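Two complexes, one shared chain (chain A), two partners (chain B, chain C).
What follows is the complex of A and B.
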């Protein structure tokens, strides 16, 4: 079970997020929809990175696949139910992750990273070049779908995103977070952390190192697919840029910013970057420069990310005064 | 009676280098066998062959009657073989309880439980506490492994191996880096734990002849990749040629 402080933090976070559409202009709720998408995707991404020790540079592939799944299910096949879109996205991502993961998890460290990058590039050029299948650089349209079977016809797209869809995504994040929390704190999760720390020792304790790396890879892909379906729905489009390796870098950035040593770090990172990017873009056209400098500073000075800083502050605040040792 | 663990005429070449040449040894139930020999004699290669990490170039290795050449440590852990390493192997970021629990999860076949809470598994925790108790780590259960002292890390490494409930345990220089006075304490802890855990055979790779003489029932001496002697301690230590080869090359203390 999570500690009392963590539960309180989660409760405050959920309530605060739930109040955004009520208290703030629709612009902000609309801005936070991608945050939910990234938070869900990064929860899975961090199962692979933080808990299994494998840093993927090609994970945007699964977000892209989620968005394209949405385009195919809702657009091409005309199945306008977002729940089915989500299932299809998670399934498609898992199915693709099976063979790719099988090849990639035979390697670790930089070799794993490069191999995932290579597959990401392959996926990007496939989507870009196979115009008649994927629409090339103009992508595929993701039409509106029903949510929980309801059409919400009275809402325009912005109202839908800032209202019902916003709460839908919030609920999805809570469910996805709870599920991953269970996975991380299960016997399976313990074996993942043991093989991250010392694969050789883990093997001698009977840990199926490769199988478990593959399982973590597939779960992380499914989370990515779900995040991608949300992104596709919001933009109304699945395009190759979702799969581009810079988008994979974006995922790594958010995770490191939030802190990959912490369960909630990636969620904090996704929120921080979403808000930061919006603010910076309105201030300066050199926002990428500022973000780059921030990432460098985080890695050098706060390697445990924003979540690490928060924990340190909490500890500082909570630490009882050291009693004097009686002589 | 089939031996518990047996190497039959195994050789291992690394390129042109012959690490082991036609080595045969057998370890029976209720035996404590020591493997000794000067550096480069092939002790580590033999351990790696016996634990299924390497396949022999020629010859066969049997564990409980089954050929285990190259099956790998994961399968052997399940079948009942555990080993410890000369250099301490820990999970730096895991606590003592988690490290032992990782082995108990394997042993109890709970590794595919994706959604069950580890913290709610009482049977598992009972076993973890029991193992920690045997190795004097009860007070350290919630400490992160990298913060332990060198001696505690060593105990944790061994404790996690015992948590597999193995039938055979291979101890690769368990007392290296431990002070002379503490060596005997550690060995007695290990032997006591082995008895408590129902371990049926112990294989000890060791440099320290004092320990070998004190605890083993049989001594296999390797030299230049071959078996030089396979004798009980009495005859072993009364043979000047063997002693000269195995011990003589080492500086006297």
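What follows is the complex of A and C.
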């Protein structure tokens, strides 16, 4: 069970997010929709990175797959139900992750990273070059769909995103977070951490290391697919840039910014980067430089990310309980 | 037949530039065990500065025949960014490799805006200076002499690096450090200066490659993130840390790209990544690498 302080934090966070469409202009609610997409995707990504110790540099592939699934299910097939889109996105991502994960989890460390990067670029060049199938660099349109079977015809796209769809995504994030919390704190999650910290010993004790890594990879891919479907719905487009390796880099960036040693770190990172990027883009066209400098500072000085800084602050006020390694 | 020869020669030219950048990547990985994503940014930096320097030189009346030396000087000058960046990377030596990778990714982001700040968002290119050395014609088959000079320069670089690593004392120190850092340090090798010089040499190879390519193609902001991926393919195919691997890998990637452009354009990049994946799965150490851990 989460501690009382954590439950309180989650409750405050959910209430604060729920108040955004009420209190702030629609612009902000609209801005936070990608945050939900990234938060969900990164929860899964961190199961792989933070808890299993595998850094994928091609994870944007699954976000892209989610968006393209949305384009195919809602656009090409004309099934305008967002729940079915989500199921299709998660299924497609898991199905693709099965063979790719099977090949990738034979390696760890830098080789795992390079192999996932290569698969990501393979997917990118496929989407980019096979114009007649995928629309090439102009991508595929993701049309509006019904949400919970309701058409919301009275709303235009912005109102839909800032209203019903916003709460829909918030609910999805809560469900996704709760599910992942259960996964992480199950015996399965314990297995993952044991094989992250000492794969030889885990194997010696009878943990089937590769199967567990593969399972973590598939779960993280499914989360990525769901995040990608939300992202596709928000943009209204699925295009190859979603799959580019720099986008994968941004996923890692957000996770490290928030802190991959912490369950909630990726969510904090996604929120921080979404807001920060928006602010920076309105101030300067050189926002990449600022983000890069921040990433460098985080990597060098605060490797435990914002969540790590927060726990350090919290500790100033009370006696230390135990060292915090991904609980 | 002449079309085929053109394609092959184009592929070899591409391979020559690719080899320079990939050799820098190899050197840094071999000795420092860092995958430097920023090597593509060094390449772009050399390209942009090469254009500026050539234009400035021609403007002040330097004869165009000096194109090649000017570009080499441009590459050498831009390699000066190497030592300060190595100083920055020093803070993550010995840390987890994902942190090292992320720090070089941060450099990629920063460099992109530095280039945008100095040279603007529009692609830049030189005029017809590439033809200053004339063309070699054989029936329908023509090739600028400049391209041949670059290929020769890359081969010369390969030979020099090989000689340096195998025949000189300092080269032996580098290889010893790559083999076993702790032991080398215990035997009195100054690992700090070795790392600094290796990284600077790696940077130089990147900026030089960029400077040499600009007479034939434009410099753009995207070239950094696109080229690093290709250089990465080269080192994986050739084997991480191996110089011979970089040479063969560059040749393979260059030729495959050139050929697939003619035969089946959709396959251009796809073919390269299929080979990368096949290499990683079947022979993760690459064609020339030692068995990986």
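Brief remarks on what is shown
By definition in this document, the second predicted complex is superposed on the first by the 318 of 327 C-alpha atoms of A that agree within 3 Å, B and C clash if a C-alpha of one lies under 4 Å from a C-alpha of the other, contacts with A are read in each partner's own complex, and residues count from 1 in each chain.
As a working rule, a contact is a pair of C-beta atoms (placed from the backbone, for glycine too) under 8 Å apart; a residue touches a chain by one contact, two chains touch by 3 or more.
This is a predicted model, so every value here is computed, not measured.
Once the two structures are overlaid, the count of chain A residues touched is higher for C than for its counterpart among chain B and chain C.
Of the two partner chains placed around the shared chain by superposition, chain B is the only one that A:209 touches, whereas chain C remains out of contact.
In the superposed model, A:27 makes contact with neither chain B nor chain C. Contacts of A:117 after superposition on the shared chain: chain C is touched, whereas chain B is not. When the two structures are aligned on the shared chain, A:197 is found in touch with chain B, with no touch to chain C.
In the superposition on chain A, A:189 makes contact with chain B only, while chain C stays out of contact range. No residue of chain A lies in contact with both chain B in one complex and chain C in the other.
Across the complex, chain A meets chain B through its residues 1, 179, 182-183, 185-191, 193-194, 196-198, 200-209, 212. The residues of chain B lying in touch with chain A in their complex are 51, 72-74, 77-78, 82-83, 85, 89-94, 98-99, 101-103, 105-107, 110-119, 121, 124, 157, 160-161, 163-164.
Interface residues of chain A facing chain C in the complex, by the touch rule stated above, are 49, 55, 57, 103, 106-107, 109-111, 113-115, 117-119, 121-122, 124-126, 128-130, 244-246, 249, 252-253, 256, 285-289, 291-293, 295-296, 299-300, 303. Every residue of chain C that touches chain A in the complex is listed here, in rising order: 35, 88, 91-92, 95, 97-99, 101-103, 105-114, 116-117, 225, 229, 232-233, 236, 265-270, 273-274, 276-277, 280-281, 284, 292.
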